[in-house]
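Heads up, the next two complexes both have chain A, just with different partners, chain B and then chain C.
And then the complex of A and B:
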């Protein structure tokens, strides 16, 4: 995708739904697009210094100690927990097929969220939903 | 045949080697990537043809950078002598060779006025490498189209067809890209920038705030009456990012001018449309911070908006591309992820991101990183397609820690490609240790294999540079570990040895 196409793609994702066009363009210039081959690890359990990813196209498996625990698809994001906590990821994220994702480095995520509180709010909602679901499973 | 005619045929063959036909490997391109790939294949005894549309070696350095001075250093005076492997960290512009006479070709070609070579010096260095290393190139032979016939690729050129099981494209990332903003026809691309003095007294608007935009602004500061640099996201500096991804120190002058209010302006804004009128050009923008419109009246607009890989019809063969630069999706060995047997050399390799620890990218978009990627790729081609067997010398257990720490301190591959390439030692049957050479770190941590240890150099989120260690046990690398940093990057110490051996338990005996 070129940057104009990335802007259009971002506009269609719920995480960025509250951003106006200039903010979307700034976001498109801030993230970098990356491509992963099927089976490739994107986040690695126990590795420091990982990044934040938003899936543009494709599906990933969330694996803990090699066991498949969840699936994420287009529009989903991952990597934010370990950046926010400053800890290595507790799961591997593995591409199930060819995957296109947007990447933002850990050090850049804080500044991006502070400049775009609407994205931060959407991210909080999503994390809250995950926590609720985890609690349900725990019960 | 008369002697004269025989001489003429021989001379034609030398001027136009590699006639169309069937080859084990075809390399397309005669820039640094093509030359490095061809050199390694030749060294490993893999027959191949090199074709290039250009009339001489050099690739993009036959023309760029526009202001004729590179961004990558070659320091004539370094802690290690020229021609050594260790010196490569101080010489980012010479290609890699095994023979001492073909190493470090750049320093003697530079006039001594700068550690950054001029464009003609770089072009001369690449040309000297091709000549001295005996790399034969069929010039003026443009790759026009590509097709498949069973397990062979067919590379079509005006001279005829080349058939090969393996094809390596080293065509750079040098095709200008301009966004489709309304009014873009009034915008010149970076590559069409004119001689600097022709901008005397002009009001300039430069779209893009990466190195090419700042390069233009730096070069034209003396001439333009006003310069505006604009793009949606704020500019970043290499010294803050701890990588070459930001604007390099050499191009910071326009930034300082902007901070001082000195006639250069840096805007965070998206470009909405460009209109020409009889007094000049109006650039309509919208500010990224508050969404307010902003208009600039200028005389000329230049787009420093980047380049794409000129992959021609490869997508029709199934090559998946991604990103602004339309880079191919690749494996860790620079093979197309979707078309096996098709490889990429040179700066296109930046499409393989690696671990990107702490967000810091590898230097694959420049010669000093790409030359190692290309060597890794060519060795992989030799190993997987032509039965070449890599030497894996035995390393004594008592020497292993010192060996790895010496690599961390001096290996140019690890310093040029931080967190991307690593030195690995594996543990074979009977517990014997083997030197695996320079490996892709991503491949090492993800592909399984025997118990092993790899060491690389990483920069963390504080900017500290230190060795990082990855240990594979039972086929899996479960995490990373950082060794302590060192003020002068000297890791051959008792403390580092103790730390490393503690991490290497079960792999290196005595740890």
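And then the complex of A and C:
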């Protein structure tokens, strides 16, 4: 993807929906593109995280102790929990097919969110939904 | 107890949710937060009802219940009510005052405005929610 294509891809994802073109261009410049082969492990349960990922294309499996717990697809993101908490991931993230994602290192994520409060607010909403669902598991 | 704006601001500066927030942000929040007192046994928020704000517990103690399940006991400095503000869904739990309890309340629109304005507050809230998710998921996954 060239820079312009990355900007267009970002513009279509809900996490970045509130950003204007110049902010999207800055975001595209901050993130790096990464590709993963089917079956490749992107984050490892219990090992220090390697960053924050936003899925541009493809699907991943969230696995705990080898069991498939959830699937994430285009526009979904992962890795932020470990970065925010400073703890290793509690799940493996495994590419199900060819995966194309944008990557930001842990230290970069905090700065990026502080410079883009609209993205942080979207992330907060997503985390709130997830917390509501986590609450439900107890019932 | 009647807290004036100064007392609210000084108290807020010691609460984890506001750690690192600028004096200006604390001043704005202190001006907008209202003090609310609840007798023991009072339902401060009720599961399933529409929520209109965030509460921070100042004195007393409160219990968080989902249905009949105990989720947490809250102490001074703890906060609740943020989920309904963020996802605009009904309250996910009931919070009951266990003893006479004082809270500071912040209306949804004031919280959202401040989150958009103060990245440090948003980051603190994000961290707190991430911690709660991990705590709950740990309990139910393993």
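To be clear about the criterion, the second predicted complex is superposed on the first by the 138 of 139 C-alpha atoms of A that agree within 3 Å, B and C clash if a C-alpha of one lies under 4 Å from a C-alpha of the other, contacts with A are read in each partner's own complex, and residues count from 1 in each chain.
In this section, a residue touches a chain if its C-beta (ideal position, glycine included) is under 8 Å from a C-beta of that chain, and two chains touch if they have at least 3 such contacts.
Being a predicted model, the structure only gives us computed values, none of them experimental.
In the overlay built on the shared chain, the residue A:23 is in contact with chain B alone; chain C does not reach it.
Once the two complexes are laid over each other on the shared chain, residue contacts for A:121 go to chain C alone; chain B is not touched. In the superposition on chain A, A:2 makes contact with chain B only, while chain C stays out of contact range. Looking at the superposition, the partner that touches the larger set of chain A residues, chain B or chain C, turns out to be B. Using the contact criterion defined above for the overlaid structures, shared-chain residue A:134 touches chain C, although it does not reach chain B. In the superposition on chain A, contact of A:90 is made with chain C only, not with chain B.
The residues of chain B lying in touch with chain A in their complex are 177, 179-180, 231-233, 268-270, 286-288, 291, 320, 322-324, 327, 329-331, 337-338, 351, 353, 355-360, 445-446, 458, 460-461, 477-480, 482. Here chain A touches chain C in the complex through residues 64, 69, 80-81, 84-85, 87, 90, 110, 113-115, 117-118, 120-121, 123-125, 127-132, 134-135, 137-139, going by the rule given at the top. Within the complex formed with chain A, the residues of chain C that make contact are 66-67, 69, 71, 82-83, 86-87, 89, 92-93, 112, 115-117, 119-120, 122-123, 125-127, 129-134, 136-141.
Residues 1-4, 6, 20-23, 25-26, 28-30, 32-38, 40-41, 44-51, 88, 98, 100, 103-108 of chain A are the ones touching chain B in the complex.
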